[in-house]
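As structure tokens, here come the structures.
Below are two complexes that have chain A in common, paired first with chain B and then with chain C.
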Partner chain A sequence: MNFLPMIIVFPLIMAIIMNLLHGKEKAVKYLTFATAIVLIALPFIGEYGYYYFSGHGVVDGWISGIAYLYNPAKQAVIITLSLIASLVLITGMGEKLKNNMFVTLSLMGFASISAIVLADDIFNLYVFFEIISIVQAGLVFLSGTEEAYKAGLRYMIIGSVAAALMLLGITFLLASTGTLNISDMKHHLLTDNPMVYGGLLLLIVGLAYGSGLPPFHNIKADLYARSKGFISAMLQTYSKFVLVGLMLIILKLFNGLSYFSSAHAVLIALGVLAMVFGVVMALLQSDYKKLLAYHAISQGGYVATGLALGTPLGIVAGIFHAINHVIYKSALFLGAYIVSCKRGSNLHKLGGLLPLMPYVAFMVLCAKLAISGVPPFNGFQSKWMLAEAAMQVNMPEIAIIMIIVSIGTFVSMMKAFYLIYLKPVDEETLKEYQGKEVPKLAVFSLFVLTALCIIIGLDPSLITNYLWDYAREIGVNYCLK
Partner chain B sequence: MASFITSGLLVVIGLYGVFFVDNVLKKIIALEILGSGVNLALIAIGYNGGTIPIKLPNVPLNVFAKESAYPLTHALVLTNIVIEASMLAVMLGVSIILYKKYKTLKGSVILKED
Partner chain C sequence: MSSKRDLVVAISFFIFGASILYSLANMHVNPGVNIVYLNHYIVPNYVCAIIFDWRAYDTLGECLVLVVAVMVSWIVFGKSLYDNSYLKEVFHAPESDDYITLQRWGDYTPIIKFLAYPMSILMVALGILTVLGGHITPGGGFQGGALIASGFILSIIAFGSKSPLWFDHKFLERMEALGALGYLLLGVAGMFIGGYYLFNFTQINGIPVFPAPKDIITAGIIPYLNIVVGLKVLAGLSTAAFLLSCEKVIIEKISKSEEKLE
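Let's turn to the complex of A and B:
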């Protein structure tokens, strides 16, 4: 028997149970810990291959139920997702917020993202795409400030528009192919048809919204910046994997078709714009979390560019960079959370934290070097692969932009490091710092993530071995003249 | 054809309302109109002159598939209505919270970025 659906069903059931345990703090705490442990085991229980609910191709191949596809590449993504989710849940245990709501929403988010990554039928993908936007807004509302409500409402209004347009795109694809199953739909797309162009374009709108590519980068960055540090770690994980999931589906459907080349260019342009906008906006920020939020957008651009190249190497590099980015950016957001427990996140009011938390500072420095692409950390490995993929299709200008953006990232990261940890401060501030405790669970999560940064940086084949098969299946080799 | 034109009109009205009307409540109503337009388009592509796609227990599957309209789109629309309703409920709740704070529903005040 195949237990694959448990990846989606188990977190949903736990989310409902957590919701019923309102007010019973101890029970919620123990159950959260147990769930966090089980989440890590979940990606290993499913078998590879297709999984169909309620049959497939019942009458002349017209009616078919929910379909999932599980393979090593998707397994690697879900392993990372479950790791981050359980670390964030464990960190959240030490925090006194409306505890069970946070756990409920995170688990719903986990279920939706795994469904988006696994989905092999478009409507299932759409349903969870909508759920994830409610979940993200809800996680932001948890911080309870007025700014958070504004950011969440903005996100939901734009989100409803983008989701409705994406559903219209799905309608177009359904009208021109007669099926929603992705593997079946591929066979009907060979002839070009204006309706299919419309469907593809509207799918790209949904992709840009779900992953914070331009023109949606501002609302997405606002969303990250307004929530608590460890919740932002969760939120940016969600959007990176939405990007990977949707992009893999678009590539699986259209890659290699003659009319895909212009959409190809649009996707690459979106990725490059996200890279540049993100890093330029980040250089201007004086709020630490907002700075990190714009870097999350910028790194999303790297992932989108790599995947949009559409070659096997580009796809591997894109997914690998998504995984690496999720790891080090979560570490950075957790670092921001630890700092904000001392004194907010305004860079001009912080300083002199190095003697108080030398280990945290060291781990955050490792994550900062990783995001700027310095060897031997994991960011270097995937950025190198991305540049290589761009050179392979004869687009050296993309590799150059990637390197320039990396330099911008390094500059703003080091500026933030100086302002938070090294800048000298007066006696009074030091006393204020000493009165407040460091959340120990967050430091533990930070340690695990930093260790992963170094391990993957030393041996990237730990992850890339999982990715090559699927990338060769959906990727197409080509070279521009 | 008429249903496609109607759904196109609904989508355009909805998009106009969301982006150009400066009132959060009206924006949310416009989202509902936009959603209805998409739902109508979905229903319309599934209609082939058949009967209502409800499978009764005594009808065999292949007879049902021949006689009824395409059932997949109806399932999609039902699901979409449910999701949309929950999204709208959350949005309305948040706008009430923000209204209590600002005493206005103007989008330029409530949704302003700073």
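Let's turn to the complex of A and C:
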């Protein structure tokens, strides 16, 4: 028996049970630890290939039910996702309030992102896309401040428009092809019908909303900045993998068709704009979490550009960068959470934390070097691959923009490092720092993530070996003249 | 400056709308997979067959959208917040002991009360009928659940806290969880019996799952899925209406979570 649906069903069952455990803090704590351990095992229980829900496979030449497609590339994404989810869940249990709703919503989010990545059915993808947009708003509401309420509400209002437009796009595709299954739809798309253009346009609107590409980058960055540090780590993981999942589906459907070349340009432009906007906005921020939030947008732009190139190398580089990005950015957000336990996240009020927590400072420095693309960390490997992919299709200007944006990232990251850890402070502040504890579980998660940064940086083939087959299947080689 | 920006926004909306209308104007509908759905008989209600058999997994997702929406509305009103000082500012102390503060609108006339009571009972009865007959007649879990919930809401609006039709909010919470868990676990049962998640099994060891006349013996687990979806929709919609109309529970939640934090 193929246990593939358990990747989605197990977290959902646990989420519903957790919802009922409101107020029973001990039960919540131990059950969360158990769930976090099981999550890591989940990606390994499924078998590769198609999975048909309710047993409705091919009938009269059509795939009649809902299908999932599992392959090594998707497995790599889900392994990363489950690792980050379980580390974040463990970190969340270090808080004073053992929050059952945090666990519930995180597990719901985990299940929906896995479904979006696995889905070979475009309406099923939309259903889980809707769940994830509500879950993200809910996770932000958990921090309970006025700004958090505003950010979450804005995200939901814009989301109701953007997700509805995406549904309209899906109905366009359904009407013109007569099926919702992506593998089937690919065979019936070949007719040159304007409805397919309309569907593609509206899918791109949903993609930009779900992953925080312009014009939705501000609301997304607000979302990351207003929630608690470990929740932001979760949120940015979700949106990176929504980007990967949706982008792979758009590529699978349209890549190689004659009319896709202009849409290509739009997708690449969205990616480049996100890269540049993100880093420029980040240079202006004086709040540490806002700075990290805009960097998350900027790195999302890298992923989108790599995937939008549409060549096998570009696709591998894009997915690889998404995986690396969620690892080091989660480390940075956990670092921000540890710092905010000491004294808020305003860069001008912090300083002098290096002697108090040298290990944390070192690990955060590693993550900062990784995000700026310094060898031997993982960020270097994937940025190198992205630049190589851009050169391969004869677009050197994209490679140059990538390098300039990396420099901007390095500058703002080092500024933040100086202001938080190195800037001298007076005696009173030091005393205030010593009165507050460092959350130990967060430091543990930070250690695991930093170790992963270095391991993947030394041997990138650990991940890229998983990705090549699927990338060759949906990628198309071309070169601009 | 702002007028230029307005112009840009107007033009981009115009282009966007025009492109959508253009693609709609060139619509060619391909029946595609729908022919498969029409040619294979499962239960008399074909819509129900598509929702609960061919695409049952999508229905699970749709249910979970509602579950998550209700959970998030609980969070908005103060369940499990890490910091609720802002929420406390927004909600002041309750003005009356009444459970639901609809009294400020004034009492309703006896005519409304006289009509609302039998009407809500009728709506609940019709809702139950719609849920149970979902696989043979038009309707199903979603519609029936919504009918029961609207009967409940009607009764609350007419009678306030002295409503004769009353569900406790904890009971509603449990009922919703039961509905969602029931759906998920029926799917797991299908996985162990038929090999696929949400497999529609009609019998276990020769014992029919759903005892029915010969024509609709193929219904299998569809009636049960209808019932759990009905439970869940009823509980979800009632909770949402309840949260929007009732302040006292929210204030209680806030003070309870304060005790825990101290």
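Annotations
Just so it is clear, the second predicted complex is superposed on the first by the 470 of 481 C-alpha atoms of A that agree within 3 Å, B and C clash if a C-alpha of one lies under 4 Å from a C-alpha of the other, contacts with A are read in each partner's own complex, and residues count from 1 in each chain.
Assume a contact is a pair of C-beta atoms (placed from the backbone, for glycine too) under 8 Å apart; a residue touches a chain by one contact, two chains touch by 3 or more.
None of these values were measured; they are calculated from a predicted model.
Aligning the two structures on chain A places chain B and chain C in a clash. Once the two complexes are laid over each other on the shared chain, residue contacts for A:424 go to neither chain B nor chain C. Of the two partner chains placed by superposition, only chain C is touched by A:20; chain B is not. Of the two partner chains, chain B is the only one touched by A:154; chain C is not. Judged by the number of chain A residues each one touches, C leads among chain B and chain C.
Legend: residue contacts after superposition of the two complexes on their common chain; A:52 is shown touching chain C, with no touch to chain B.
Residue contacts after overlaying the shared chain place A:1 against chain C, while chain B stays out of touching range. When the shared chain is aligned, no partner comes close enough to touch A:435: not chain B, not chain C.
Judged by the touch definition given at the top, the superposed model places A:137 against both chain B and chain C. In the superposition on chain A, contact of A:164 is made with chain B only, not with chain C. With the shared chain A as the reference for superposition, chain B clashes with chain C in the stretch 37-45, and the other listed options (1-9, 19-27 or 37-45) are free of clashes. When the two complexes are laid over each other on chain A, chain A has residues 59-60, 62-63, 123, 127, 130-131, 134, 137-138, 141, 146, 149, 168, 174-175, 180 in contact with both chain B and chain C. Residue ranges on chain A touching chain B, taken from their complex, read 58-60, 62-63, 123, 127, 130-131, 133-134, 137-138, 141, 146-147, 149-150, 152-154, 156-157, 159-161, 164, 167-168, 171, 174-175, 180, 218, 222. For chain A in complex with chain C, the touching residues are 1-2, 5, 9, 12-13, 16-17, 19-20, 22-23, 25, 51-56, 59-60, 62-66, 95-97, 99-102, 104-105, 108, 115, 123-124, 127-128, 130-131, 134-135, 137-138, 141-146, 149, 168, 172, 174-181, 184, 188, 193-195, 197-199, 201-202, 228. Taken together, the chain B residues at the contact with chain A in this complex read 11, 14-15, 18, 24, 27-28, 31, 34-35, 37-38, 41-42, 45, 61-62, 65, 70-73, 76, 79-80, 83-84, 86-88, 90-91, 94-95, 97-98, 101, 110-114.
If you check the complex, the residues on chain C that touch chain A are 19-20, 22-24, 26-37, 39-40, 53-58, 61-62, 64-65, 67-69, 71-72, 74-76, 79-87, 173-174, 177, 180-181, 184-185, 187-188, 190-192, 194-200, 256-257, 260-261.
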